[in-house]
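Both complexes shown next keep chain A, but they swap its partner, so chain B is in the first and chain C is in the second.
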Partner chain A sequence: MNFSDSIQKIDRRYIYIILAIVVILPLIFPLGLKTFTTPPVRNLYKTIDAAAGKPNKAVFMDFAQSPSTLPELYPMDIAILRHCFLRNIKVFTISYYPQGAAIIQMAIAEVKEEFPNIRQDVDYCNFGYKAWALRLPITLGMGDNISEAIETNGAGLRLDNLPIMKDIKNYDNIQICVEISGAAPGYIYITYARARFGVNVGIGVTAVSAADFYPYLQTGQLVGILGGLKGAAEYEELVETFAQNGLPYSAEYAENPTLKEEQYDLSKVPYKFKKARIGMDSQAIAHLLIILFIILGNIGYFLDRKNEKKKFIK
Partner chain B sequence: MKRQIPLLIVMILGFLFVAHTFIPHTISQDFFDWFIKWSKVIGSFAIVLGVGSLLMVHSNKIKRKAPNWGYSWIVILGLVITSLSGFIWGIEEGTPFMWIFKSVNVPAGATMFSLLAFYIASAAYKAFRARSIEATVLLIAAIIVMLGRVSIGNAISPWIPEITQWILNVPNLAAKRAIQLGVGLGMTATSLKIILGIERTYLGGGK
Partner chain C sequence: MMETIGTWLAVFLTLSMFSFLYKDNPFYKFAEHLFVGASMGYAIPYTYYNVFIPYTYNPIFLRHDYILIIPVIIGIGYWFRFSQKLSWISRYPIAFGMGIVGMGVPMSIHAQVLVQMRTMMLPLTSINLILIFIGSVSILLYFFFSKAHTGLYGKFTKIGIWFMMIGFGASFGYTVMARISLLIGRIQFLLSDWLGIIK
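What follows is the complex of A and B.
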């Protein structure tokens, strides 16, 4: 096998081993690469942040997730919940996936450890698992009356009687519906909640699916997108920069990584709140490795073509 | 009758829902509220159907000793143990249900999805070749987006994330919108065919 062949036909087992090493090492020894934010994430942050301290506004989070997508989506769940708890924003959580209900429990429990004063059914309410078939009637019914459409929370208590529902009636009181999903997030909210009731919609999605949703972003049907681990890392960064420091959102700071660096010391941030940013170190190196492999493969391909041409001329 | 009645239900309800969307009248709203109440009741039965169907499929596999029938036992036992633990001790943090979820379901699911990274790396290395102008454009776009989505891209040049955003916002958006318009038109045509009784394959049973 000549050189061009050998760089074109690297055994995939070597690729797997090198990739595994490249992914694992930055997780153990974080590189501390800077996180820069993008407009779709900043817009989502701004929209949620606009509900800060308003008792008649709430963020509605739909956890359309299963454990397979947790590495990418779970940091988004944590970052948004943390943002809401820091800014005194009411949160509703729901899942039409049986496993999503358990993910809600996990996420709330994890974030609540840092917020002992946050009270269930007062500051947040977990609607729990609802059957998939109820998705359409609930999404439409919330336009008239959330308590009637959903009826009970995850613990089986009637929503009418919960203190959190005092100033909340329908979509007029929902600041944004955020669906975080590994499949096709946002469609039901874009089609029924946005089109019919004008509610804001945002999504969190795995990186492989993110490109599908840009048309909705341009039309304004989506206010923002968290795309994969990068989106989660950006949101973590914004929460750390503004909400954690009690600062209002500032475009100048959000768009300038150099300014943001002075805002906080990442080493002092609890691991659970910087998981995506540490994961992005791994992803950055993995992307470089894949690019390197692609370049190697193409060098081999062009050397082959050159050799074939030479043979043909001879 | 077996085919005419379902066809009639679909046709009548199809037209009623179209009318409801465009006619904001009290009767139309009452009809819709009635539908929501009924669909909640009927929808809940989907769980019973789902569990019943799963048990039937796997118990048949075990009875027939079909290939890999042993895994069917794992499915059934998993279903029974997880459900019982949820019914008996609840599904809150610290319960056996959550322990099963965190110790079995989460690592198993995450492992499956993580394999994607290895397949993508291997597939990109093997398939991304600048064989033609189109393939070269795709290759360059992929490299820019891969760099632009990580911090290293910004470190190389602040233009890389900008170009990445442009690729996603312009050429990607144009292609996706065209596809989605096609899908939308297709869905409208299929819905009309179903409502009008032209498309009947959902009824099953061949001719």
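What follows is the complex of A and C.
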């Protein structure tokens, strides 16, 4: 077997082993690669941040998730919830997926460990699981009255009676609807909440479908996008740089990771709040490896083609 | 104790899933079937207690809100899909569902067509807008099949192909990232929750 054949017929199990090694090693021995933030993530952060300390504004989070998308979406959930709790922003959570309701509880419990003063139904409210069929009536009904559209929270308590609803009535009081989803995030909010009531919409999405949503960003129908693990890592970075340090958002610092390095030590950040950033070292090396494999495959292909041409000429 | 058992069980199932990379085997099949079964097993009672009880049983039987019987009957109509003789009944709830889809058409056209077109037609003041304009027009022309792709027209549609290739490349790059992210997530679980190597 010549060289071109051998590089095109590598047993895929060797490739898996090499890939596993390049993913595992950077997790054990972090490389500390910088996380650069991008405008879609910065815009989402800024929009949420604008509700800081306002009792008549809340962030609405839709968890359209199941366990299969947790590695990419869960760090986003944690980062946004943490941002809201750090900045004293009211949060509403909902899921139209049975599994999503459990993920909400898990995420809130995990973030709340750092915030003993955050109170349920005062600082945040979990609407829990609602049937998929209610999605449209709830999305439209929230334009008039959230308490009437959703009626009860996850524990079955009427929203009218909850302290968090005191200054909140309808979409006028929703700073942004953020849907974090493994499927087609944001469509219902773009189509109904944004088009009809002018609500800001943001999304967190698995990397597979991230490219599909950039046209909505271009038109301003989406305020921002968190695309896959990279988007989550960027959001974590912004939360760590500004919200955690009690600093207002600054474009100069957000765009310059060298300045940010002086503000915090990543090794002191709890693991759960840097999950995405830790993963990005492996992500970067794995991408380099895949590029290398693609180049090798192409070299093999062109060498083969050249050899075939030679045979044909003979 | 329960947490430890849960972690070990998750480790076993994770490794069973990974074993497929070597070749198809009973461990993989067991984990795969268990995943599907557990998802359904979780969803059915959860839906029963969180949807059927509060939105159907309680309003009708406890609050005597009998008007809800109408949507319940429409919903039950779906079950007739399983009967060869009575499957025609299921067309009524489907028709009802299609009506709801129809209700969303004007809003969808606004959000997903008109706004997109308006943005494309903005004054071409930046390089991004110029690229979007050229890309959109050349791709649309590529899919206009009543004219042969020859001459100047053919050259312009080739630009459309290039734009599409760049789009597919971006999607592919993101797809690779998604798959690697899933692997990273599982490896993080093994190294952190199970072995405690990363903290």
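Note that in this section the second predicted complex is superposed on the first by the 314 of 314 C-alpha atoms of A that agree within 3 Å, B and C clash if a C-alpha of one lies under 4 Å from a C-alpha of the other, contacts with A are read in each partner's own complex, and residues count from 1 in each chain.
By our rule, a contact is a pair of C-beta atoms (placed from the backbone, for glycine too) under 8 Å apart; a residue touches a chain by one contact, two chains touch by 3 or more.
Computed from a predicted model, the values in this text were never measured in an experiment.
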Report task. Would you sort A:230 into first (chain B), second (chain C), both or neither based on which partner it touches? Result -> both
Requested in this report: Could you say whether A:190 touches chain B, chain C, both of them, or neither, answering first, second, both or neither?
Outcome: second
Requested in this report: Determine, under the contact definition given at the top, whether A:149 touches first (chain B), second (chain C), both, or neither.
Outcome: first
**Report entry** chain B versus chain C as contact partner of A:3, first or second or both or neither
**Finding:** neither
Report task. Check whether A:16 is in contact with chain B, with chain C, with both or with neither, and answer first, second, both or neither. Result -> both
Report task. Quick one: classify A:286 as touching chain B (first), chain C (second), both or neither. Result -> both
**Report entry** Interface residues of chain A shared between complexes with chain B and chain C
**Finding:** 16, 19-20, 23, 66, 70-71, 99, 101, 131, 134, 136, 207-208, 210-212, 215, 218, 227-228, 230, 283, 286-287, 290
Query - chain C-touching residues of chain A, taken from the complex the two chains share - result: 13, 16, 19-20, 23-24, 27-28, 66, 70-72, 98-99, 101, 128-131, 134, 136, 152, 156, 190-192, 194-196, 206-212, 215, 218-221, 227-230, 271, 275, 278-279, 282-283, 286-287, 290
Report summary line: Per the touch rule above, chain B residues touching chain A in the complex are 32, 35-36, 39-40, 42-44, 46-47, 91-93, 97-98, 101-102, 105-110, 112-114, 116-118, 120-122, 124-126, 128-131, 139, 142-143, 146-147, 149-152, 154-155, 161, 165, 168-169, 172-173, 176-177, 180
Report task. Could you pull out which chain C residues touch chain A in their complex? Result -> 21-22, 39, 42-43, 46-47, 50-51, 54-55, 100, 104, 107-108, 110-112, 115-116, 118-119, 128, 132, 167, 170-171, 174-178, 180-188, 191-192, 197-199
Query raised in the report: Contact residues on chain A for chain B in the complex?
Result: 10, 12, 15-16, 19-20, 23, 33-36, 38-39, 66-71, 99, 101-102, 105-106, 109, 131-134, 136-137, 140-141, 149, 207-208, 210-212, 214-215, 218, 227-228, 230, 257, 280, 283-284, 286-291, 293-294, 296-298, 301-302
